[in-house]
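After this come two complexes, each holding subunit A, first together with subunit B and then together with subunit C.
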Partner chain A sequence: MTPAPYAQTPPAANTTLLEVHDLSVHYGYGAGATKAVQNVSFRLAHGEFVGLVGESGSGKSTLGFALTGLSKPPAHIEKGRILFGGKDIASLDAEQLREQRHGGIAMVLQSGMNALNPVRSIRNHFVDIFRAHGHVDRSRWTARATELIGKVELTPQVLDRFPGELSGGMRQRVSIALALSLEPELMVFDEPTTALDVLVQHAVMNTIIELQKSENFTAILISHDLGIVLESAQRVMVMHEGRIVEDAPARQILENPQADYTRMLLSHYADPRAEVVELPGFADRQQRKAEGASRTEAATHTPTVSPRTLRADQHAMIVENVSKIYPAPRRGEAPVRAVDNVSFTLEPGAALALVGASGSGKSTIAKLITAVEKPTSGRIRFGDLDVGSLNRRHFRRLHRDVQMVFQDPYSALNPLHTVEYALTRPVINFTGLHGTDARRRVLELLDIVGLNPVEEFAAKLPHQLSGGQRQRVVIARALASDPQVIIADEPVSMLDVSLRAGVLALLEDLREQWGVSLLYITHDLLSARVVTDNIMVLNGGAVVETGNTADVLRNPQDDYTIRLLDAIPNPRKVVA
Partner chain B sequence: MTTSLPPTTAAIRAPITAIGEAPSAWKVVVRVASTVWSNGKARIGLVMLALFVLLAIFAPLIAPYGASETGFERSADGSAAHWLGTTAAGEDVLSQLLYGAQVSIFVGLVAGLLSTIIAVLIGLSWGYVRGFGADVINFIVNLFLVIPGLPLMIVIAAYLSGGGIGMIIVVVVITGWAWGARVLRSQTQSLRSRDFVTAAVFSGERPFRIVFREILPNMTSLIVGNFFGAATAAILAEAGLEFLGLGDSTVVSWGTMLFWAQNSNALLTGQWALLFAPGLCIALLATSLTLINFGVDGISNPRLREGTKR
Partner chain C sequence: MTSTTAAPRGAESRPPTRPGPTDAAHAPSPIATSLGYVARKLGLFALTLWAAVTVNFLLPRLMPGTPADAALAKLAQNGPVSEATKAAIEAQLGVPTGNIFEQYLAYLHQVVTLDFGISYTFYPQSVGELVSAALPYTLVLVGLVTVVAFVLGTLLGVLAAWKRGTWLDSVPTLVGSFMSAFPYFWTALLLLFFAGYVLRLFPTSGAYGPTAEPNLSFEFFGDALYHGVLPALTILITSLGGWILGMRNTMISTLGDDYVTFAEANGLKPRTIALRYAARNAILPNLTSFGLALGGVVGGSILVEQVFGYPGIGYLLFNAVTNQDYPLMQALFLMITVSVLIANFLVDILYGVLDPRTRR
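Let's look at the complex of A and B:
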């Protein structure tokens, strides 16, 4: 871990580089306009590293685009001024804007890695910029490109590669180098690491922090993740519903947050390695166990049913020496070993976490257990079903008992079917209920996942629901067949921090109430800590560590587990 | 199975008293119609189409004379008695135009519908199945695609000669479905990998239902677009075949009107209305279908639908 940048005293009495005065950005005009940014004012001094935090829809990206003059219709600056080095950005025309990109403002986008032209080599990307701005002598093109690529910790060989040959992290580094090539005074990073894998995320973030120090540019880091921002920025602005609700040095935000919203965001961070882990809605797991089955009042929803007795015929999911090998992606390459000799048993009513970075094989295991893919070798048994060799025709028998909660609630619901339809189908298919009975059951399911008033929610289409509500519908659908096993594949990774705890609490609730066993697949160790009893850490398809969740996270033995734990952005880590 | 369900009524915190009816199919139709109507261009198209359909239906009432009623002055220019003049055979052009609309609209809608149905059935199942079956369909569709359309049409029409309107429809359908099937197949393939399709498998749905209830509604705009495209092509193909004299030249349609006008060198005699009137009608009918297509986009995209209200 690099020392916290804001631990050093920020260079005092600096001149103002950027001044935003009473800025409002609207989408559309008139009364129906969406006011994305409202009356925002702030100053940025030379060499400052400022974080801009907010949840989705808070207007942080809209603000970022306005600062860089990249606002596209229907977004437009309703009022206010953005003074960069004394010039108002809003008043510049397209050509003036283009010219000021050299030595002016550069932006690195969330999907920056996809912003590279797939048919042009990395070298050509640099040459394009050098040619457009003419600020580098032709004879120095290669030297300068090599220098820039070195700054983002890539080797010069990368210059001759094509974007498709680079990993996501490398491509994001390239786009940072491209932004740097114009020697900008102000860099705006819009969620630069969100689309990257956890471990890569950490490394790229460190590069950005190092670069900011060595190149001494001014930086704005836009992120939804307060942890990342607090770790890297000197000053943090918290945005909520288009307004900046708090603007303070990072340490002050952490130790003495003023706004309620900031406090709420902070409350959702905890160190999974701590003795006691508590999140809003979650008391510590160990303590809860000690209190017995009595449930905490803080949980979002408390149905009045008594805990369901375990079914007599409840089965364990038994996975024995399972491997999955995919054919080589290209001729001459080795076949891909996605899952390597994995064995485990998911006992009835248990909660098991499967953690690992992307490519560790955790999603492949989910596919194998649900018979979507067939294992290359090994056996998967569930009751008397041999899942590994299950015929498509017998899927219903398996899916009656094994259901799945998908990662992306935005794509897991058919946009054209109402919530009612999505829930009615599995009810009819699995329980044999029809007509009014089926409808009664659907409304019951909605009530169970806390979507009240049920009648109203039943009639809604997915796009009328928020992300958290959609995920609740997805969970309700998984419950419709009254399954024994629920596989949750990163169920909260696409949700805002404040919504996560609610969905996790719901999953936890259901598991305790219904005696459903849960296979929780995630890269997020903190959520694994609060909802699961046991954990399995996967690396390259193989299990590297397994045991009680709290024990493993407190005393990780394997190097990979330690690296995963280190990669978690945690503001408190800096202070400790 | 019902025995293992959790208690049905006890689980409800607030007892659900009234259980209303689920939204009916009728409401869906109304929703779709209002979506299309809310688009300005589509509204113009619908009005134009409605006008053509009404003219076709009420042609016997509106038309001043019978369609093949001869005995008027031959090749006359427009006058109070014959607004658009008469043909070389002494028939009233306006009456022919009105009666001709019946054939053109009928062939357009029926042939368009039939070729769309075939395209949907083949395209969607082709997109959803994998393996050997897909290869077989692939071969057949490619066969239809590589054969040039117009020559094939002419060969089939010559072979089935004398079949009249039914024959024309068959020819247009045989030569017209393959392109739509290919377009729908590629869209099906991209939708097949979406999470909600996997979720439908988890909901215990059978493949047939997944294809036609989960995937198909998401391609409504593509399918309706395909229908309007096929209908337009059918109207043009019908006119083309008739113009070439491959249809039944005694039937009065816009195509045969063009055929006879060409035969009698209408342009040389200065009777431009003979060519211009049916030509413009064909163009306007095709335009109205294309305009309706704009409104159809909103059906598959609920966001677009709400966007129009703003």
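Let's look at the complex of A and C:
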């Protein structure tokens, strides 16, 4: 019944482990069904490491869930076969499916952070699995759990902790160890590192790659990030709109992509350390600068919309020796030094990148500049405003000039209000325009952010928009007050790769046309390279490196900057 | 152009943020955290108890007039009251002596020794006697039934959520919401009419038969049990539906949580997934409602006890209020407050046992 544990079956090369034949997975039935996966066929040999790449909605996770027999209504296998070790997964009953999970197919979920039962200790998670399959003798439970937890580079103490006491990276490692405890022949990793911080992501990915070699399982890595996949997988399947559009060895995908879609995805990757960095819609920054000088002479752009030149003068945002210390989270612990003596000046019309891993203090700086938080020491000046000690009554003056674009466009808009409503509120609040004037301004804003036809977009509700369109609405909302400074906190990290360039180009355009200065907060060094002139690298609340973006990235001095750069998945690095 | 100035820093950067066992290793021992948690909750309990007792002392004193004034006013309706009568009534009811602090200390002493004076209504019985006679009936009847309703409703809710879409789901859900839509007293009246009057299956009032003598014999327990069936059924019927629906709905949402999917992916037994993963987490929010319901046991039984003529706390409270029996009222209000506090304290401790996240 149960297949022999993988350790006893030497991976014979080219013997088929999994065969998917003409598989279609639908959500719902009949004409209204969403065809998430359509006529997918592929074959997996023992010991392969295959990447499954696609953007959101491509059906890659649906396929992953179908392979592991975890599809839940309304998703169902419409047709096709999934042959694993000669048996059709789709035709097994619940108990057979459950039994085959030992020594069969295991899955590590996307949100590994939430994949653990919050009220059960890690040890009990292991015990539950051992008990369910009876494959580990009771006397060896602790020994085996310790061994497994060691394989993912955690210490045995972790066994007695509860999930809430572990960091996101540790929790994802525990999930991997749990999946490993099934002694699976095939591991399906569904976006295993997406929710994690860059450096942690890199470390977890390395663990997965090493485990795949040492434990000899066959792996499918599902990811939206072609970079991560190309770095780890030998073979890549590219998925688009429910179909596999390309299935080829990693090197071939990289050097000679066949499908247009693959080419498009690849075009959005570049090494931020390269001499010339170009993305679709972005010529290299240095070259653009040179051209830009002649262009502005030739034609001073005459905007048809309310010109920001009405404002007499633009101010610099001056941050001087600012620190922010939060009280200790628990008694007996040291206070948290979120921002540690940081100084910088954001000149009018400049673009400055604030780069660092999570917890480096970059979002706290955004909160300080927008007066959401007050600095513990130091000064923040904007024109004649002392931002650090601003009282509530003067917030409006600051917020007219300093606006924020948030990371998550999916939760930044009230789902009950139309785009027009979302934009009309700040227009009325900040500019005093009413009625038809306000409406005209709203349509102008939509035009500026490139949502045409404007009338149509104004009437839409957030759920009718794509992620990229939503982020454009969020940017338009930030522009409503005609601000001098825009603080963009990871504005593209939640978006699909193909949508990122468009939003970045918009930010760039705003700066060039309207002179808005940009504080670009990110962990993504590539996007920092294309939209900013200067960069500040933060670690543990302090600035560790600063300078011209291209210079710093091409010639990093600080160890932390170097590690950040190394953590970037970059397909070309593998081949080079 | 942007000028940036790096803050002065040490030569080397911070240690890597790689996941390591560091934060787990420094966590305090589980036993110490549990003890600390219980101690914190106990402290909070003591503080709120003191506040409640003090408010119970202050409230009557903030009201204008004294109980003696009220009694005199009643008498005055039938003609003038002599000075002697006034003195007699004041002596009988007691007039506070000493300043407010001395009164407070005397009050605290009374509370601690459970001495709440003599009831007006049931003169010459003391309030203490009355309450201790009524309390067991309410605690056993309403308290036990509340616990049973919670346990039974939760189990049915778990079953309904786990077998979602089958008859095990639709029948309890439908019947439960139907029954809980009935008002308390309406269900009580229906039961009285059919089971008590028409079918004569159960007695229609009292906690025990007219000839029974309250003692610890089996006969008496049997008799009390027999008399308790209808009121118990009333409470069960009206409260069961809420527990079923509450548990079913929270469990359906936990069934969609990632840890349940992951448990399924790991091939755990369906029973383990349903009970230890989905239900175990789903029960947590319902515990709060359970605490509130437990707290309401002592005070919230007025209607049922009134309809069934059941000699519990609710019955006593009703009599105390209609007869302006101040000593009895004050003692009962204090008891209701304290029972709510105790119920909340118990639920807090239960939370600590069931949810490791609250122990920190």
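As a convention for this text, the second predicted complex is superposed on the first by the 543 of 576 C-alpha atoms of A that agree within 3 Å, B and C clash if a C-alpha of one lies under 4 Å from a C-alpha of the other, contacts with A are read in each partner's own complex, and residues count from 1 in each chain.
One rule holds for everything that comes next: a contact is a pair of C-beta atoms (placed from the backbone, for glycine too) under 8 Å apart; a residue touches a chain by one contact, two chains touch by 3 or more.
Keep in mind the model is a prediction, meaning the values are calculated, not measured.
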| item | value |
| --- | --- |
| Fit or clash - subunit C, subunit B, common subunit A | fit |
| Which superposed partner A:V543 touches (first subunit B, second subunit C, both, neither) | second |
| More subunit A residues in contact [subunit B versus subunit C] | C |
| Which of subunit B and subunit C A:N555 touches, first, second, both or neither | neither |
| Subunit B versus subunit C as contact partner of A:L178, first or second or both or neither | second |
| Contacts of A:S411 with subunit B and subunit C, given as first, second, both or neither | first |
| First (subunit B), second (subunit C), both or neither touched by A:Q252 | neither |
| Partner chain in contact with A:S481 - subunit B first, subunit C second, else both or neither | first |
| Touching partner for A:S377 - first (subunit B), second (subunit C), both, neither | neither |
| Touching partner for A:F344 - first (subunit B), second (subunit C), both, neither | second |
| Per-pair minimum CA distance [subunit C against subunit B, superposed on A] in Å | 6 |
| Residues of subunit B defined as touching subunit A within the complex | 1-2, 4-8, 10-14, 16, 19-20, 22-23, 194-196, 198-205, 214, 217-218, 300, 302-303, 310 |
| Residue ranges of subunit A in contact with subunit C within the complex | 68, 70, 94, 97-102, 106-107, 109, 111, 114-121, 128-129, 131-133, 153-155, 157-158, 160-162, 164-167, 169-170, 173, 175, 178-179, 181-182, 197, 199-200, 203-204, 321, 330, 340-347, 350-352, 357, 359, 533-534, 536, 539-540, 542-547, 558-560, 563 |
| Contact set on subunit A toward subunit B in their complex | 28, 32, 303-305, 308, 311, 370, 372, 395-396, 399-400, 403-404, 406-408, 411-418, 420, 422, 424-426, 429-433, 436, 439-441, 443-444, 447-448, 452, 454-455, 459, 461, 463, 474, 477-478, 480-482, 514 |
| Subunit C residues touching subunit A - in the complex, by the definition given at the top | 1-9, 12-14, 16-19, 21, 23-25, 27, 30, 257-259, 261-270, 272, 276-277, 280-281, 284, 354-357, 360 |
